[in-house]
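Pasting the structures in now, so scroll down.
In the two complexes that follow, subunit A is the common piece, with subunit B as its partner first and subunit C second.
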Partner chain A sequence: MKPFHLQAAVPGLEPSSDLVSRTLNVNQESAQLIYLSTLCDKQYIQSSIMQAFDACGNLAEFNAKLTMIAGFERIKNGNLQAEKLLHGFALVVFPDAICAIEAKKASLAKPSETSSESIIQGPQKAFSEDLEQNVQIIRTRYPSKNLNVEYTEIGTESRTQLAILYDKAKVDPDILLDLDKRLAGVEAAVVQASNQVQMLLTSRFEFFPTALVTDRPDRTALSLSKGKVILLLNGTPFSINLPAVFYDFMVSMDDAYQSPWLTRPLLILRYMAVFITTALPALYVAAVSYNPEFFQTQLAIEIAGSRAAVPYASFYEVFFMLFMTEALTEASIRLPKHIGSTATTVGGLILGQAAQEAGLVSSIMIIIASSVAVSNFVIPINTMSYSMRLIKFPLVICAMYFGLVGVVTGIFCFIVYAASLRSFGRPYLKLFIGEAKKSR
Partner chain B sequence: MSRYFFYLMCVSMLIHTILFIPRVLIDERFDGAIPSLFIGPVIGCVLMVVFTRSMQQFKGKGLPEIAAMFLPKAAAVPLMLVFGLVTMTSGCLIWIHCAFIMSKYLNPDMAIYVLLSLFVIVTCFGALQSTKTVLFSLEIILILSVPLLLTLLVHSIFSENMNYDAVKAMIDYSWIMPSWKSVSASSYTFAGYIGLAVFNREFKDGKPIRFLWLIPFLGLGLMLASFFIPIGYLGTAGIDDYIYTWVSTIDAIRMKYVFIERVISVYLLILLMMTYVFTMITWHLGSQVIGSCFRSYDPQTAAWRSKLPSLVICVVIGIGTVLAGSRINEIMLFQAVSSWMIFHLPFDAAFVMIVFIWSKSKRRIQQ
Partner chain C sequence: MKRGWIWKGVLILSLLWLPGCGFKDIDRRFFVMAIGIDKSNHANKPYHVTLKLAIPFTKIQPGKTNAYQLVSDDGSTITEAVRHMKSKVDKELDFSQAKIIVIGKAMSAEILQKGTLDWFLRRRDIQSAAYMALGDPTAEDVLNVKTGSERFPGDSLFLSFDQDGTESSFIATEYLFDFHRRVTEKGLDPYMPVIRPMDSAYLIDRVAVFDKKRLKAILSPEETRIFNALTTDFQHFDIETKSKTLQFAIAVQHFKYTYTIDPSAPALHMNIRIVGESEESTETLYKQPWSYYERLAERQSQTRYMHLLQKLQALQVDPVGFGLRYRATRYQRDKDWTAWEAMYPKLTFHAKVQIRIKSSGGIK
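Right after this comes the complex of A and B.
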């Protein structure tokens, strides 16, 4: 009987201390059981493989018994052994064949509460960090016989599992083709987050997101029913929905669950918030520095009065306050939850008050800065609110040099730019009159 | 896609009724401008209907492709050059006009060539987008600005400062033979159909455009408003004292309970937005038509090589606009505009006739 050679059986595997390799002897013959103890469920291996081995008189019988176990695969050729080991399979190496039995530990990940897109009344649980569980969630929410699930891998090093889900009856085959082409072109080494996948699939330097990342299973199921393609990445509680148009980012799931008398005005409110969060600082600079006659007389005097103590041009003020609010937003994301409230109190209340009293910024500017920040949080989807945070700066620069003319020019540029975007071949910004509603 | 045709017509009607036509017509208000308000739409609409019907014979084809079907290259290239230059010049004139207004009312401290350079650069950026993108952004901007513009219009009609006696006084001058210039100018309101020369590439379904009969009424209404409202505000004789008639009229309107009391600031911003859209369209038209004379031109791809001819054309015309704008003054501009008005109608008519003949001969070939 020749000694077992690990490298020969599993080429390319480096010895590791969680690698278990046991020889199973019967009738002068021997098979080798190999698994990674950190990935596999020992109890399950005991009850399935070991029990089967116990009841057998020779290897052939054992081999036949193994085929009865759920999750059995025969590795025919190639160097898939190491791959299978790393995905939680236990390998049984016979002298003439290699069998793989799935023995993965049950995932401990549980769906958490939705955090990035909360609504008041409606489904409350988000996705979990486990891919299988996420696919299960979608299958239960969207029990259609047309639902198609494909698995692939992304990232040359991380080999992260990626599931592609779509409703075969409704999906546009062009989008699938386009997606395949783009997935093949991804060259990133380590892929760990849905937003990263979204960026890898679309152009990296786009100002607006052209694929929608959400942690809500109900939004995902709705997207499936509208013929969109869903990507689920292992290890993140988010789904990527594509294609996505501009209006999709403005819709909260609440809009589908409540009366139109409430949701339509809310939708208008969101668009107004978009206008305020992008254009208000620029309009302030333009109106104060170039065209104070823009406003009603009393209002113009009020603004000029509140700026009386401020020693520098309006755009310094705007940049100073915008910097503070952006820094505050960043700080409250990064800080641990318990310290977060301190940052907002110190930064928002004390600093704002003191800056105004010291005459460094006008009180009107404090109102503008806070309304810009608040309006930005009204946008339902996080990636879009990031884009809107960004857009106000070019507009302020335009206003600095050209006044109101510059603001209009900037807005025109962004509208043309957004209209020139395509999300997987679909126009991003236009009126979809007479076409099926893309969301809701 | 027929709604996009409406947008094209609307934006050209709005721009012309705001910027050019009141000036030309009001100069001739005692010499037959009022009958021309009614004759112009008839001529303009006949041309429009003939042109749209003829272009619909060629589904999904632009003017360069159609010309290549009927003419040898040596004849097609000069024709395209003339057509492209004429459309782009109308954009240039409008930019210079708009830059004068903006530098007078919004940025009085800024040299006109600085403003014009900004306008021209942004317009080049817009004009170089794909045809679809131009249509989409046209749609979005119209949806955003037309309601505001209509509010202003309604507000100005029902304002107490509007003096209807002056309007009634003008009716005495209704039965005077109109001059060629005023007829040509008022028919120019409907010049938006020229856009089909390139945008027909996107109108592939070949369905007849619905509600086409609405356009003459829309145009007539807009023209009546843009002719009589300034007269109502500024007086039949007093109107001569103003250079930018419409802007001065709007400056006389006040909204008492709105943050922005003087309507003119909002109005100027909308005007600027509309001018951006209109020049984007005309320059897109011109650069596409002239660009089609080059071999590397291909409207199907977004590669920069196929856009290079269009880019060069836009940049050349843009530099020309800035140079012209910084050299001429308002008197020269208005002279140029009125001679442009005289020249435009025969050119449009000839051009529509050519396309009409081509569509007839295509039908004959098919039979």
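Right after this comes the complex of A and C.
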């Protein structure tokens, strides 16, 4: 009986403390059981592999018994052994063959409440951080025989599991081809977040997101039914929906669940909020410093009165307040939840009030800054609301130099830019008239 | 090479501290609320221009925040006067909120000259929808009034003329664009409401009628109401009827008139239809059938309409636009206008008023 060589059986594997290697002897023959104790379920190994071994008289019988266990694979050749070990398989090395039995620990991840896109009445649970569970959630929500699931890996180092789901009957094969090409081109080492995947698949420097990241399983199922491709990344509770056009980012799932008397005005409100959050600071600078005829007489006198205490030009005031609100938003995201509310109170209420009383900003500017911040939160999808936060700054600069004409030109340029964008070959500003009927 | 880029970046960033060239903050501007044009005593500088400048306030309070600064200057043109006035104030003059132009009574003939009116029309920042009015005795006196209910200087005047605030049948509203049109259009003559200052208030109950050259007459308040109804279709007036035994008033709810011109007579037939509600009466309106009161009111208002129409004819002015209607319906190049000019002084008016009393008001 020759001694067992770990390096020979599993090439490329470095010794590690959680690597368990045990020799199973029967009738002067021996097999080797290898697994990573941190990844595998010991109880399961005991009840399946060990019990099978216990009941056998020789190795051939044991080998045959192993094939009966669920999750059995025979490793024929190549260097797949280490791969299997790292994915939670237990290896049984026979003198002439290697068997792999899936013995992964059950995932502890549970679906949490939807946090980035909550709605009041509708499905409340989001995806979990476990890929298998997420695929299961989608299969439950979208029990179609056409639903196709493919697995791949992304990231040269992290080798994160990525599931590609689509409805074979509805999907456009061009999008799949395009996606395959882009996935092959990804060179990132460590991929850990859905937003990161979205960025890697689309252009990094685009102003607007062209793939939609959501934590809502119902939105994902709806996307599938519309023929979209869904990407699920292991370890994140989000799905990536592609292609996605501008209007997708403005729709909340509530719109499909409630009366049009309510949802249509709300949709209009969202577009108005987008206009306010992007253009209001710029319009303030333009109207106050170039075109005061824009205001009603009483308002003009009041603004002039409240501006009279402010010693510097209007755009300094705007930049100062925008900096404050952006800093506040950023701080309340990073801070722990308990301190977050204190930060907003101190920053928003006290500082705003004090700045106005000290004559650093006019009272109208406080209203503008807060309505810009509030309107930004109306946008349902987070990535789009980040884009909108960004856009207001170039517009303010346009207003600074060219007044109202500059603002209008700036907005026009952004619309032209959005019209030139493509999301996986689909025009970004395309309208889908009549399609909404199917989702009701 | 790399250093060059850094310098260019610093240069571009430094631009962020500077605004564009037209940049002037709202608190560095003086809002002109009203423009007044009077006749000065100097022969070579006939225009005495007065501007009412608003002093800004943070919180508007009626009667307290209507502080203003009045600046005036003489000039041979309005432009010259305004240019020189800029040296008297510390902020840039902004005409974008100037919603009323008051012309002094002595200046009334000059404003009809093309050049004078042009200044208001050609300036980008003066609105075409600004109100025109005649100041009696002078425009400066009108601008120098501070009423107790004003929220900002000039507010009272704006509210009097737009139908936003008071809706009075005595106030005739005239806009700059309409005035200009009436000055140039054949067969449609200009008019202007007359503002008279009364210690810390205004009285606007008369209207001045012009031909194309000068001020012809100022109508009485009673005539102004009829004038208002005919020129602007003003709906909210009332009709007083008096007889030996009885006096009652009808509040008009609906007013409509049509007219036809018969060139063969020559005559103008006017049909006026009024629907109203009796508002105040010295006797119960059930002693006679309503048609009795209706006929009584019809007869009396008919004479009022006839009186005004004949007065305008005698003054040789046509603010209602009969001539324009004639030209529009009987087009013959220039002949129609000469025909109308000959016809208008000979025209006989036949006004037929139909009044219907809808109800006798509510009972509480």
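Methods note: the second predicted complex is superposed on the first by the 429 of 440 C-alpha atoms of A that agree within 3 Å, B and C clash if a C-alpha of one lies under 4 Å from a C-alpha of the other, contacts with A are read in each partner's own complex, and residues count from 1 in each chain.
We adopt the following convention: a contact is a pair of C-beta atoms (placed from the backbone, for glycine too) under 8 Å apart; a residue touches a chain by one contact, two chains touch by 3 or more.
A quick note: this is a predicted structure, and the numbers were derived from the prediction, not measured.
J.: Once the shared chain is lined up, is A:I69 touching subunit B (first), subunit C (second), both, or neither of them?
T.: A:I69 contacts neither subunit B nor subunit C.
J.: First (subunit B), second (subunit C), both or neither: which does A:S314 touch?
T.: A:S314 sits against subunit C, while subunit B stays out of touch.
J.: Using the touch definition from the top, say if A:L360 reaches subunit B (first), subunit C (second), both or neither.
T.: Neither subunit B nor subunit C is touched by A:L360.
J.: State whether A:S289 touches subunit B only (first), subunit C only (second), both chains, or neither.
T.: Only subunit C; A:S289 stays clear of subunit B.
J.: Based on the superposed arrangement, let me know which partner A:G403 touches: subunit B (first), subunit C (second), both, or neither?
T.: The answer is both, since A:G403 touches subunit B and subunit C.
J.: After superposition on the shared chain, which partner residues are touched by A:T297: those of subunit B (first), subunit C (second), both, or neither?
T.: both
J.: First (subunit B), second (subunit C), both or neither: which does A:I415 touch?
T.: first
J.: Figure out whether A:P427 sits in contact with subunit B (first) or subunit C (second), or with both, or with neither.
T.: In the superposition, A:P427 touches subunit B alone.
J.: Should A:S306 be classified as contacting the first partner (subunit B), the second (subunit C), both, or neither?
T.: Touch status of A:S306: second partner only.
J.: Identify the overlap between the subunit B-contacting and the subunit C-contacting residues of subunit A.
T.: After superposing on chain A, subunit A residues 290-291, 293, 297, 402-403, 406 contact both subunit B and subunit C.
J.: Under the stated contact criterion, what part of subunit A meets subunit B in this complex?
T.: Spelled out, the residues of subunit A in touch with subunit B are 290-291, 293-297, 299, 402-406, 408-409, 411-413, 415-416, 419-420, 427, 429-431, 433.
J.: Inside the complex, what are the residues of subunit C that reach subunit A?
T.: 16, 19-20, 22-27, 29, 31, 33, 54, 56-60, 65, 94, 96-97, 99, 125, 127, 151-152, 154-155, 158
J.: Give every residue of subunit A touching subunit C within the complex, in rising order.
T.: Checking each residue of subunit A against subunit C gives 288-293, 297-298, 300-310, 313-315, 363, 397, 400-403, 406.
J.: So in the complex, the part of subunit B that touches subunit A is made up of which residues?
T.: Spelled out, the residues of subunit B in touch with subunit A are 3, 102, 106-107, 110, 115, 118-119, 122, 125-126, 129-130, 132-133, 135-137, 139-141, 143, 258-262, 265, 268-269, 272-273, 276-277, 280.
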